[in-house]
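Each chain gets a letter, A, B, C and D, in the order it is written, and its residues are counted from 1.
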Amino acid sequence: MKFRTVALIGKHDSPAVAEALRALLQHLRSHYGDQLTVWVKAGNAAAIGEPELAANHETLVKADVAIVLGGDGTLLSAARRLAAHDVPLVGINQGRLGFMTDIARTDMLGAIDRLLAGEFIPDSRMLFDAEVWRQGERVFQTVALNDVVVNKGDLGRLIEMEVRVNGEFLYVLRADGMIVATPTGSTAYALSANGPILHPAVPGIALVPLCPHALTHRPITISDDSCVELVLITPHDAHVHFDGQSHFDALAGDTIRVCRSAHVVTLLHPPGYSYFAMLREKLHWSAIPRR
Amino acid sequence: MKFRTVALIGKHDSPAVAEALRALLQHLRSHYGDQLTVWVKAGNAAAIGEPELAANHETLVKADVAIVLGGDGTLLSAARRLAAHDVPLVGINQGRLGFMTDIARTDMLGAIDRLLAGEFIPDSRMLFDAEVWRQGERVFQTVALNDVVVNKGDLGRLIEMEVRVNGEFLYVLRADGMIVATPTGSTAYALSANGPILHPAVPGIALVPLCPHALTHRPITISDDSCVELVLITPHDAHVHFDGQSHFDALAGDTIRVCRSAHVVTLLHPPGYSYFAMLREKLHWSAIPRR
Amino acid sequence: MKFRTVALIGKHDSPAVAEALRALLQHLRSHYGDQLTVWVKAGNAAAIGEPELAANHETLVKADVAIVLGGDGTLLSAARRLAAHDVPLVGINQGRLGFMTDIARTDMLGAIDRLLAGEFIPDSRMLFDAEVWRQGERVFQTVALNDVVVNKGDLGRLIEMEVRVNGEFLYVLRADGMIVATPTGSTAYALSANGPILHPAVPGIALVPLCPHALTHRPITISDDSCVELVLITPHDAHVHFDGQSHFDALAGDTIRVCRSAHVVTLLHPPGYSYFAMLREKLHWSAIPRR
Amino acid sequence: MKFRTVALIGKHDSPAVAEALRALLQHLRSHYGDQLTVWVKAGNAAAIGEPELAANHETLVKADVAIVLGGDGTLLSAARRLAAHDVPLVGINQGRLGFMTDIARTDMLGAIDRLLAGEFIPDSRMLFDAEVWRQGERVFQTVALNDVVVNKGDLGRLIEMEVRVNGEFLYVLRADGMIVATPTGSTAYALSANGPILHPAVPGIALVPLCPHALTHRPITISDDSCVELVLITPHDAHVHFDGQSHFDALAGDTIRVCRSAHVVTLLHPPGYSYFAMLREKLHWSAIPRR
């Protein structure tokens, strides 16, 4: 068997997730016994009354696979934490399937059995390394799987930034902000901002302005080996959001730098997975001609 | 002569505006003398060294006409302050002409002479009364000539609100926010958010969602005798901006209520003014076929 | 009883509609007898084997109300034919409810009884008079309830037209074409072309360019007392479509003129009808917050 | 010297182009003499009174470089004809610079000298092989540098097609049509249809629906190693346009198949060329902050 250690990570404060975790744990114990080491994220272990399985971050990152129970937000959070350690992820969703969490709770046990038997479709997703630079020093850094969003925060007026690609000047943007999105992020916030959908196999980065002052500032997709720099023009401070999960308060003059990470996030999908089928389902695209 | 009292209002901290104010003042003194009473907004009077002409708000609102020197932002600010007193406004722009400030600095003296001779085109613009209600009490109120914007502020995630029109439920919006715009505001922030342009003669109110989660939440224009209510759904707090010039921190459960005001703002344009010509100029529409 | 003569008009070549017509006819006969005169459109009368009820156009236009069975297309067609005679219309839909046909087949008999008892909500819709002028002569005219569309036909390249409003030049458009839409038409083809939704109570006309060459050519809504003229610039011929149901081949130099008609189309909705509820249903807007 | 044979190709029926061709020809003769063989496209050779230089297609395709005088349309046409023979192209523009024709007439002679001295920036552009299949037989084929557009022609109503990517079903589209665009084409017609800008270095294909009936049919970019198939659903015939320069009348049931060509089009830009600078110029993006 390929996977010898499994990390279980669930949405916090969700009784339904706790119930599913317990069911999954019992299934793994009774069917795989000693063949499989199971670690449970500390907070989840407490919630399901199995404190002895609690694993901290240093342990979880050594797992062969992480099974995540929750929605796309929970998977996103786990992916960001495990990204530097190349732990593949499987997403199980309690409710309506997500863009990334594509195993329904009702199919969980069978799907995990097939996964452990080696039946899955690996799917590599590009990840961003994001940094904020101030007067020659890096003052913040993190990773992002969906997007880096620079926006005006609550300031009520547009902000101004210089956009550079691989050191070359692109334009000065006057807007509510800018979304820099991976293909994975292209179906998240960027889609609401009129951004283009990028299939995960397209090695591109989408630059999607938020409410740009000039009507000709259309979204543009650049090659994923490009580094994007957003330089805040004085006197404009801004907020920077990473996957909508962490943020940084940037100051006028700061540079937000976004490049493809050397790491990727690997999602493991059940056999039969189709990105297009997922899009059809999520975007309510008709499968058959309507009469 | 129709106008006997004139209020002069200028952009603050602008040496160019101070110079123009001085030139205008000297012209009015030498050509109209005692026929015309001139009041200067207190801050501007100090800046041009004519403290004896300084007029406070209570005086300015009694003027027969207000001449505003600055850009659209300065005019907007003056219009909001004078709205309840039905003082018509004339806008003189130092730089590139605005959507509302349509007299160039270089044409100022001639344009003002024609204005005082009764040559102008009056243009009534709809104004909003905007209120915030909390547990049965009105906790804020103001007017808006462009728009009322409810947004998530710096909270980084979408907000949720119930939208009601004349008490009837329209929909629940999950978005970065909502713009409620007058025809005047339809060419301001709403245009950046993909809203429709409304000619000032259309008695309509534009509802323009900001980055809506659902792709089918298209802008909708309703009749201007409608009152719009936006009810913040728990736990979503939000910021409310009025013409981008004042704002209020609303709490979950609050209702933002926007209706047409009983007052209008009257802009006085120079002879020959054309709304379409202004749009062509501002939006770079080609006047003639390109070959 | 208010209605003494009823015209029945159905979609052609539809066995389901023929069945519904028969059921409705039998119901009207057995419940209203001589109190009600029923006319059936000639083609439909033949289809349901009641040739003696067949009425030609001259008769149908004298009806007190027209009951239309089919979809929005069938209602549109009937409305255009009856427009000049002010016959109100009721729409019964076999399948999924339409924007205008809002009585389900399954509710038909009860809904018609309530209608004949005077329980209905009248809803006046603006109608266009559309004309094509060539060298000083009117060469075509018709009415449109949804839209007048001028497009390049199969010519493969953009066309060029001068757009005038009330005789005033607006701009030169280089595009695939232009949609001139009523509020009723704003949720039809214009919506696919990124046009704004106009509530039927807004007295406006939407000008929605089709794939404009210049990115700043955004849709604009003008007052419904405006007349729009589209002048085809040489050498551009174009096709003109009226409600997608009739069309005219226009030549370079022709002027397509669109004004509000003196007539309106009156739709009769069942009690409880809500335009917003219909929009929510058709556009899949969420009625309640999703968690 | 790298280039020994040069093909000159100009826009037809343009006196300005004929004049420029003559000037260029004289310059090449006087400065390069026998070192350089110059062929002139037959139609152009006649126009400039140099019939002995006239070269037919079989000769032109052997040139080391083609210098094209005209606009983007002329370059597009030349590129499509030379594509299978890998002749690099240089574009000289009489009027406003184009997206691809980036040498101004006034800079022509100096720019060509630098080109012939080996100073240029090569820029490979992806090309489509496009085919139409009917009942198992290929009935049409051509190449396209910008786009393949399937549209309803003059039929006045939407068409219906099944969209497949690499044999996998994507969705059924009900729309005016579909644009399949290369990165080069992303700034052409697709941009007017709200498509995303793709930098030429992005190996992607943009699928941009034209006025889709469903509002969720957003543009999607797929990997350029994908083949797209558009299957016309009965009873919908359609027109297919290739770069807006050739077209084919497709019938219901036909499949339009678009794949990346094994060939590329190589544009030779002058030193200092920048794709971003060209975009800024063409889309009127501000280079510096406006105050």
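The criterion applied here is as follows: contacts are C-beta pairs under 8 Å (C-beta built on N, C-alpha and C of every residue); 3 or more make two chains touch, one makes a residue touch a chain.
All of these numbers come straight from a predicted model, not from anything done at the bench.
*Asks:* Is the number of contacting C-beta pairs greater for A-C or for B-C?
*Replies:* Pair with the higher count of C-beta contacts: B-C.
*Asks:* On a C-alpha centroid basis, what's the spacing between chain A and chain B, in Å?
*Replies:* Once rounded, the distance between the two centres reads 41 Å.
*Asks:* What is the distance, in whole Å, between the centres of chain A and chain C, each centre taken as the mean of its C-alpha atoms?
*Replies:* The separation of the two C-alpha centroids amounts to 46 Å.
*Asks:* So how far apart, in whole Å, are chain B and chain C when each is placed at the average of its C-alpha atoms?
*Replies:* One centre to the other, that is 37 Å.
*Asks:* Enumerate the residues of chain A that touch no fewer than two other chains.
*Replies:* Counting only residues that touch two or more other chains, chain A contributes 191, 194, 215-216, 218, 283-284.
*Asks:* With chains as vertices joined when they touch, what's the shape: line, ring, star, complete or other?
*Replies:* Topology of the interface graph: complete, with all chain pairs in contact.
*Asks:* In their complex, what parts of chain B are in touch with chain A?
*Replies:* 153-154, 156-157, 175-176, 189, 191-194, 210-213, 215, 239, 241, 244, 247, 283
*Asks:* Which of the residues in chain C end up touching chain B in this complex?
*Replies:* 160, 165, 168-172, 174, 191, 194-199, 201-204, 206, 214, 216-223, 233, 274, 276, 279-280, 283-290
*Asks:* Quick one: which bits of chain D touch chain B in the complex? Just the residue numbers, please.
*Replies:* Residues of chain D touching chain B: 215-216, 218, 284.
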